[in-house]
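First subunit A sits with subunit B, and in the next complex the same chain sits with subunit C.
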Partner chain A sequence: MSLLKKCVQQLLENTNLCSQTIAATAAAFHTSPVCNRVQAGRYRVTTKRNRALTYEMANPPHYIAHRKAWNSWNTSSMLDGLRPSQTAIEDVFMRKFMTGTWHALIVSEVIIKRQHNMIRIAAIMRQAISPRKMYFLIGYTEELLSYWLQCPVTLELQTVADKKDVVFKYI
Partner chain B sequence: MYLTRRLPRLCTGTSQLLATSCGRFNSKVAASEDRIEIPNRVQRSPTDILNALASTVGRDPTAPHYKYHDDPYLIPMSNVGKRTFAMAQEAGRKAAKFIKEEHRDLFKHQEAQPSIEAFAPQMVFTEESDVNADTLQNLIRHSQITDAITVYNLMKQKGIEITNDTKQQLLELICFYNNEEPLPEEWIEERWFKANADARERNRKTWKDGELAEQLFGEIEPKTAQSYAALIRGMSKYFQAERAYALLQEATEKQFELDTQTFNAVISVSNFLKETADQRWELCRDLLQQMAHQHLRPNLSTLNALLEVVSTFGNFKFARSSALKVLAEFKQLEIEPSLGTYYYLLIIFCRERGPVSHIIVDILNEIKGREFTIQHPKDTYFFATAMDVCRNHLHDKSLAKKIDELLHTGNNYDLIGDTYKESVYYRHYFALLCQTEPIDEFMKIYDLLVPNVYIPEPGIMEEILKAVEMNGAVELMPRLWSDMVIFDHISRESLVTRTLQILVDNPAHEDIPSHQSIPDQVGKIALDIYKKIAEPEGRRPKDLQFTGKMIGDILMLLVRSGDFEKASEVFTHIDKNQHRIPGTPSEKCLQEYVDSCIENKAPTKALTCLQYVVENNMDSQPMAERINAGFTLNEVHLSKLKSLVGENFVSK
Partner chain C sequence: MASLTRLLERNLRNSSTAAGRRLYSQTQEEPAAGTKHEFDDEEFRVLNLRAAKQTDQQKRRVFKKEAALPPRHLKMATDQDWTAVWPGPRTFQPSSVPLPLRQGYTEKGAAPPSKFVNAELMKIPNFLHLTPPAIRQQCEALKKFCTPWPKGLESVEKWEKHFPIEVKSTDYCHALPTIRNPDARRVTLNIKLSDLKFDAHAKDKFLRLVGDRYNPNTGILTIVADRCPLRKQNYDYAMYLLTACYHESFVTEPWEQNKSEADMEYYSFERNKSKQTAEAIINWGIPTDAAKLEVSQDFAQTVELLINEGENEYNLGRYKEEVLKLLSVRNE
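Let's look at the complex of A and B:
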């Protein structure tokens, strides 16, 4: 027993020594407890329990394909899929463009569906501006995105009267 | 591969099967029929399958047009809404295009392979641009007039040679569009909603004299028949009739061989060249003779151009006989008339002041069940005019239904024209049907077409209300009133008055099952009208004021629906705003109100009403008696009653 302890101590000392020398030259040796905590797509509970979540937000990523679906629909990541990186970047661009153009109006995720050369963008909007203005923005978004991505883009919007209509639960 | 190998065996297999199964019934015939004929492959175009799919679905009248978003908030509910929503979307597209053109350096990337020109910003031509003959050719091919002219001028400045061929092409382009940039093809909605600008510009000379077209024509040396033809057609298209005719003469003198289209163009403006019908007819004949000399075969546009001239003849009989002569002649030439031809026939034969003509019956027999494609610009005028004839000239609903059937045959709906003609068509159709059809039948069509295909204008709504009034169909009123609210018709005094009139004149019958909920709903409508007028929403100025009759009707309806509280509120409004409301409610309304006061035991309110009657010089005697009989009045009320109508009412 004491032998084992001794051995361990020695090993530790060795490693310490080692790590010190390595730290001085290249990279450190990770000795802290294992850290595999995942945070992406999960929301922290607030003390007042007043953080509003939509159905989509309420389900963490491991429920994709079980309780909820994907936000981007395309075939780029399949075997022999084309333009995987470009597609991802374009999707980010489209989401940024949508949230910027429809400022404070989108109350859901922006769903991007690609079929052939066609892109369909779906989202739920708040009825905070008049339908006429909404139509203006629809025309503007479709046209500008199709200039940018050089393919037909269509918007598939649905509207809700109140932001609370899409709230699934509060945490 | 597997299937192709299997196919022959499959074939023989089936034929054997067929042979045996047939053989059971008659074994003699089977031997000769055991081969299956596989038809030859039919060449299909890329869109054939789409067309085939599209032909299986028609317009769904329960859904809004597919250009609108399918969401309750975004579905247009009035004619104004339909227009603004579609135009707003197009305005957004224009804004995007503007941004693309402004920030052209950001849109230079090429994502699509092969690259698509329409997504890239357009070329801008300046003084320094490097241009050549190909650039000009390209611009002409895409009908970009302004740019083509700039490039043409640049090339002349730089002394680059331009071939006569290119010049001719440019001349044709400029003549066709009269040196103006046309509305780009991509703005569909703007074209659809453009308020009949062509009709306003009709009969006005818009040709640009002495501008680029004529300069170009001067530059082309030696002149050819084509250059003459281009200029003549341009001039007659934009009603520079005299000079077009002079040019035609000049070309004939120089022995150029012009084509049929050029002659057609001049024929169609011959009503600008000559004053009287006889002279016009003479000129047309002369032009046709010239065509014959040059061995030109007339075509459909010749026929339509001739009929257009004939339709301007004031003399009805002459117009009629000339039209028939033209028709007979072209029938011999075996030229198939288009819808435009029939349109001209209708306006020639069915004139407002002329005798009644049933030519439309023959036309419909001729073209029943046929599918048309556009062949002439005036083809789109046919349906609206035909429906107009059905309504105003013949007043015949069966004909109207036949026309509607024709309109919905095949792709004929494409020929409805634009929104203006479409609404004219349905306006006539609805007006005719609500006058001639039984109200139930009419409402079926109303349910089908309103509001997604057509929204009735206030005038047509009034016709519908008249039909309801005639039939006493008060059970339709809640529905029609809510439609009127949605279509934004409630600011029309005539409609509101008529609605109230119908409700007042047709009290619900409790014994009819469909009338069970009517009294309740009528009260709601009356209250709705009262609220809409008394306290208009938002900042909108009051565009509708009460009249005495209107508010009296509201009062009566509220009394009848048993809502005494609201009724007395309305009466207080009448009493307070006496001098602001023109006219007074009828005595009958006030009488009913007093009766309900008696029922609800409210003598003070009854006396206020009596006071109002006295102040407005109406016959107060019967009301006073009724009040006296209905209540056991106390001293105060009795003395007030006496002071209003005098001492002696009791003795009478």
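Let's look at the complex of A and C:
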């Protein structure tokens, strides 16, 4: 009987303690490790250490403006910039069009730089197709994009002989 | 029953199409070699593992890669005209730039990535098209469109004398297909109040009309116009405001006569009771037909200062001296 009494007393004490701690932490700032997880633009290390990364991929997004620069250069993203949403959508469209048109040829990010109404697209390509086809694709891309976006578009490409030339490190 | 008819129908259709093909394409269609082999051979086909070479198999066409040319800067002469190589703004091209550039962050001890296949160098804007010789060339080309500086406007004082009104507006450059910016419509008009000619009433009224647009510390009147959609309209409106305020300040309305002493912005000795009292004291005991004595200018100024500025040690001391002087009392 005395044992039961003791147990009950302890239980009561425990619950009392619990309620106290809840009251203390109710107003506190809630942080959870799952919410803090950041994954975008970061690559996991492989066991064989054979995942090839370019310089762009090797530096996660928080290094932008420290170790690497932006991929889109325009005045919309500045403070009080005009038509930021349209510019972002156009950039996404241009990137999609480039990766689709130059299929499996682009080995870097597509860099879009705007100056006045001029759009200059820069990228690094593989030398996997003949120069003749490459010239055709350049003209095709410029013509179609300038028709859709209603402003002059220039493609400024750099080519590499091998895909491995752009690899910065393996993780 | 229905399924049976369907089956029959299908068979019939198949036979009819086969017949049709036989009829029309007999002359054109030659059966392929492989299919012939399959049909003719009664035996099983032999899987020949040893046969590495199959002569009849068509060789896959090998894409012959053309050797890439060596970088252009190796072929360029040292006295090459750089403005011809890089005439306008352009993404960095490592094969044309004869500079041993490197960019990028690496671990300690390692060299930064070289200029070839370096996306970072392609991202940042470069000024290789704005070398000093290029700028000199462009200035030479623009020279024929320039006019000499107008005579008589050599110094800032002369500009301000001939052009007292200063108009400010801002143009914006975008990296966008649009050249419009809503902020470009704003027009700011500055003028020194000393450049406008006023009488006392007009100046008082003008300052009341413009309100806090006048800065008493600098003496500059600022009018900002941004309510119209175009810059030209805003400029016209600002000029209209200035003209209208200036001319309105010279108009004396009938109700302005009702301004009493309490409405005055500052204390004036001339129109106040203290002047009458002071004169009464001076002229006490003097016959009325004789010339009246006037209160001295110093006394008037001191009283104005005392009331306008407020009572402080200096003003009170001066007031005491002036009162003693006025009453011809010697201060012992």
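The rule we apply is simple: the second predicted complex is superposed on the first by the 137 of 171 C-alpha atoms of A that agree within 3 Å, B and C clash if a C-alpha of one lies under 4 Å from a C-alpha of the other, contacts with A are read in each partner's own complex, and residues count from 1 in each chain.
Following the convention adopted for this analysis, a contact is a pair of C-beta atoms (placed from the backbone, for glycine too) under 8 Å apart; a residue touches a chain by one contact, two chains touch by 3 or more.
As the structure is a prediction and not an experimental result, all values here were calculated from the model.
In the superposition on chain A, A:Glu109 contacts subunit C only, with no contact to subunit B. Contacts of A:Glu143 after superposition on the shared chain: subunit B is touched, whereas subunit C is not.
Look at A:Pro131: by the touch rule set out above, it reaches both subunit B and subunit C.
In the superposition on chain A, contact of A:Lys164 is made with neither subunit B nor subunit C. Contact with subunit C, but none with subunit B, is seen for A:Asn59 once the two complexes are overlaid on the shared chain.
Once chain A of one complex is fitted onto chain A of the other, the partner contacts of A:Arg44 are absent, as it touches neither subunit B nor subunit C. Counted by residues of subunit A touched, the larger count belongs to C, out of subunit B and subunit C. Within subunit A, the residues touching subunit B in one complex and subunit C in the other are 117, 127, 131, 149-151, 158-159, 161.
The touching residues of subunit A, when paired with subunit C in their complex, are 54-56, 59, 63, 66-71, 73-76, 82-83, 87, 108-109, 111, 113-117, 120, 122, 124, 127, 130-131, 149-151, 156, 158-161, 165-166, 168. If you check the complex, the residues on subunit A that touch subunit B are 117, 127, 131-144, 146-151, 155, 157-159, 161.
In the complex of the two chains, the subunit B residues touching subunit A come out as 69, 71-74, 76, 81, 84-86, 88-97, 99-100, 107, 110-112, 115-116, 119.
On subunit C, the positions that touch subunit A within their shared complex are 63, 65-66, 68, 89-91, 93-94, 104-105, 113, 116-120, 122-125, 173-179, 181.
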